[in-house]
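Sharing a structure, written as structure tokens. Questions coming.
Order as written gives the chain letters A, B, C and D; numbering starts at 1 within each chain.
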Amino acid sequence: MTHPAPALDIRSDICWSDETSVTVLGRDLCEDLIGSVDLGTFAYLLLTERMPSEAEAALFNAALVSLVEHGVTPNVLATRMTYLGAPESLQSAVAAGLLGLGTRFVGTIEGSARYLADGLVALGPEATDDAVRAEAARIVAGFREQRAHVPGVGHPVHTPVDPRAEALLGLADRLGFPGTAGRLVRAVAAAASEASGRHLPVNVTGAIGACVVLLGVDWRIARGMGVIARTIGLVGHLREELAQPIATTVWNVSDESASRHLRG
Amino acid sequence: MTHPAPALDIRSDICWSDETSVTVLGRDLCEDLIGSVDLGTFAYLLLTERMPSEAEAALFNAALVSLVEHGVTPNVLATRMTYLGAPESLQSAVAAGLLGLGTRFVGTIEGSARYLADGLVALGPEATDDAVRAEAARIVAGFREQRAHVPGVGHPVHTPVDPRAEALLGLADRLGFPGTAGRLVRAVAAAASEASGRHLPVNVTGAIGACVVLLGVDWRIARGMGVIARTIGLVGHLREELAQPIATTVWNVSDESASRHLRG
Amino acid sequence: MTHPAPALDIRSDICWSDETSVTVLGRDLCEDLIGSVDLGTFAYLLLTERMPSEAEAALFNAALVSLVEHGVTPNVLATRMTYLGAPESLQSAVAAGLLGLGTRFVGTIEGSARYLADGLVALGPEATDDAVRAEAARIVAGFREQRAHVPGVGHPVHTPVDPRAEALLGLADRLGFPGTAGRLVRAVAAAASEASGRHLPVNVTGAIGACVVLLGVDWRIARGMGVIARTIGLVGHLREELAQPIATTVWNVSDESASRHLRG
Amino acid sequence: MTHPAPALDIRSDICWSDETSVTVLGRDLCEDLIGSVDLGTFAYLLLTERMPSEAEAALFNAALVSLVEHGVTPNVLATRMTYLGAPESLQSAVAAGLLGLGTRFVGTIEGSARYLADGLVALGPEATDDAVRAEAARIVAGFREQRAHVPGVGHPVHTPVDPRAEALLGLADRLGFPGTAGRLVRAVAAAASEASGRHLPVNVTGAIGACVVLLGVDWRIARGMGVIARTIGLVGHLREELAQPIATTVWNVSDESASRHLRG
């Protein structure tokens, strides 16, 4: 005797479709979205469940644009290496590159967005410079206690500032967003620099952390903004790999170099 | 004795950076792109190496928007299931979902873009209706000979037309793009319907195939447009999974259902 | 003017090959390994850089065997869903399933192996029962202080014990391995049960943590044992999916269930 | 008004568990498998639904062992690059490496297993040398007609033979397996060499294709044998990366080399 098939009771409110329409978060995809909204605006809707204001759309697009490219990075190499072995599966090559967006690089968006979100709740909207500095000191002390890097500050190449961070924080100001998030991330960078004795500017993920808070994106999915942006960059690298491949050379030279001491 | 370290000689033209700037395809990221271009426009630059015209930006954004969401699909389930086991790695959950964008669903963009690109070269810019119909018949016959589905036509739910395909092809017309790509994909749908005896409308991936050709995107990376779009959708589903989870229920009910005949 | 190509200086000692041979960790693959060692034994060599004793090979194989299968789990669903969309890429379907082996399920091997390794160093080889209990209490207190679950104990289905854990710990005893690792993980389960007021038996990942320590595997790659084992299970599920598919049904029922409240 | 939750009716026969036991393909995991079977034997059970004979277990283990390692390959680089960015997710680093096991490298197992399986059906058990040669010529002609490489023959490094292929085919003979599969794959290599004018020996994936057929594994999951084997190799490389890292060097030198022409 077999038990009857159990019922599956779940719910999703994002999208449903019937014969003649597709509805996304209450809007008709074909009538109201295709041809009317740009990709960044639509992404904002999916990440927050509401349409952005003009300023929000501008800042959100800018934050994504700032993360799309940074040269031949480890994830670009993972993507191009994967494409070499599985050129029939472009999606796998992109996925391979995304898998490295963990705690060391893009994942720091999450960390900075989290402490900025918590800090702004603690500070309230009208915080004095002293209050911002005190909160920054508290944040930095928390990371140092756990012997952890402060996410969102410092960069191995860009100095004295990360120009992407400056571009984003400047844009947020010009668009009229409240200044406390930017002030706090700058104060964190200053406090981290003082505590470590090294110059640690706000970096791009710190500035995006500030944007995440200003835009009302949940910090728990903030890393997703980096994932979206890097997906575009990785497809761009596959376009170039087709015309001007590097994967085979990197492989052959790496294998030769790695094993040459074994060859006598 | 060990051999000397070999030289690595490769080249990439996409992006490089120094202390104070990041340059992407010859443009200053911080001065000229952040705050000036939307995400879709920047993606177009990376996929084609040139900035789009206004019409191109509009059609490219629309094509991406049309693919972002389609409900609780197999890749949404893969993403949500993965997040259940590895909530610390949002990027892995998204990557898991992307891995299913193979030949059966989104990958058909590639197939339709390819035959449309080849077909338009054969037809030239001023093709008569008869020539378009003949080319469509030739394309459909080619797939039938290999016993393969014609990519870009037919849909299990949407009928009599896929409304996303109509929205995209209509937009391309309104934006002033040449009509041959749209005429050819409609002729292919008609020829496939006649050959199979079933009504097969142009579907969203067929329409995107036409957009790919109109936009000058290489068909070999056209699947990447689906990958970019679905990445956004999958991050949206993780936002919802946090607030309104379904993965544990799908798992438990599936496991119970699958093994109930073994439980006696 | 272009700079000369830079030298790449790296080293790997695992494997190199020439025209007539492949050498793995100093052994001739074709002469000394193929046909002479089973897969588990070879895996042990790669994970520890040395060949196992007979007892080590037996325990290592057993630990892997215990993790291969546990029914229609979230990662099985991710794998089968991915295969539905990309049947041409079996490797992608398996990879999608592996991506969920994070902190919530298989990753707990790492956590239990780590505290057991540290605990055994603290206890030394001849620890009294009192010393073991005190160390267990210290370990459990550490996790409770961070409000974290103690890895390696408790199971939602198996009770009063996880039979896989008992099988592994019993085998280690019969094979003559020192008993302290097993005693410590049992003491941790007892301490965690007392502290939480719930019965928390040693589970399979706790027992594997003990095996990891007994076998001299670095806890930082211990999760890799779960990854190897589950890879086999996932390929097994794809074999079944070909003959007796479930993915389409899970998808259709999930989508119908998830959106039925939107359909009015 | 909402529709009632739909029933989910699926079936899997691989594994189920209750409070005190786990059953895999009809066997008690804890009583009859853990401690009794090696990993390769258990993998054979999952891939074929039956326990192997002693000879089958030996050949299956050997086939897997032959694929575990081949130095610093593209998938090793993808794995190590991914680990650099996400050291908290070992499973993601391994998955990234697996994603490149597509049509160009390991996936050729599938192709050779397929033509050998079909060829043996056509030849029957007692084929003459002439019949084998004719079938091989037919197979090679089929690939050449599609302008495709013949899978399973040729190797860029190993010459005059791939020693792994010889080890496997020799082992199959010594274990008493019927000789037709080996004769056919050797005849295919000879026919491909003659047709192309280049010396193309049976390579490791061709020999594994023969093993797949001899072992009764479905060719559609044969690529899974490569996936299982390489998973072990990739975990081994992560062990080495922890002690003797190469990823950062490969990244830095690649980025420097790739962009040096842009730096003026």
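The rule is short, and it goes like this: contacts are C-beta pairs under 8 Å (C-beta built on N, C-alpha and C of every residue); 3 or more make two chains touch, one makes a residue touch a chain.
As the structure is a computational prediction, the values presented were derived from the model and not from experiment.
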| item | value |
| --- | --- |
| Of all other chains, the one whose Cα centre sits farthest from chain D | A |
| Rotation in the CA alignment of chain A with chain B, degrees, nearest 5 | 180 |
| Distance from the mean Cα position of chain B to that of chain A, given in whole angstrom | 22 |
| Centre-of-Cα separation between chain D and chain B, whole angstrom | 30 |
| Whole-Å gap between the CA centroids of chain B and chain C | 36 |
| Contacts with two or more other chains, residues of chain D listed in rising order | 5-13, 15-16, 18, 71-72, 86, 88-89, 91-92, 95-96, 99-102, 106-107, 246, 250, 253-254, 257-259, 261, 263 |
| Touching residues (chain side chain A, partner chain B) in the complex | 1-3, 5-22, 24, 29-31, 33-35, 37-43, 46-49, 57-58, 61-62, 64-66, 68-72, 89-92, 94-96, 98-102, 106-107, 110, 157-159, 161, 163-164, 166-168, 171, 218, 220-221, 223-229, 231-233, 235-240, 242, 244, 246, 249-250, 253, 256-257, 260-261, 263-264 |
| Contacting residues of chain D [partner chain A, same complex] | 4-9, 71-75, 77-78, 81-89, 92-93, 95-96, 99-107, 246-247, 250-251, 254-255, 258-259 |
| Residue ranges of chain A touching chain C (in the complex, touch as defined) | 8-13, 15-16, 18, 23, 86, 88-89, 91-92, 95, 99, 253-254, 257-259, 261-263 |
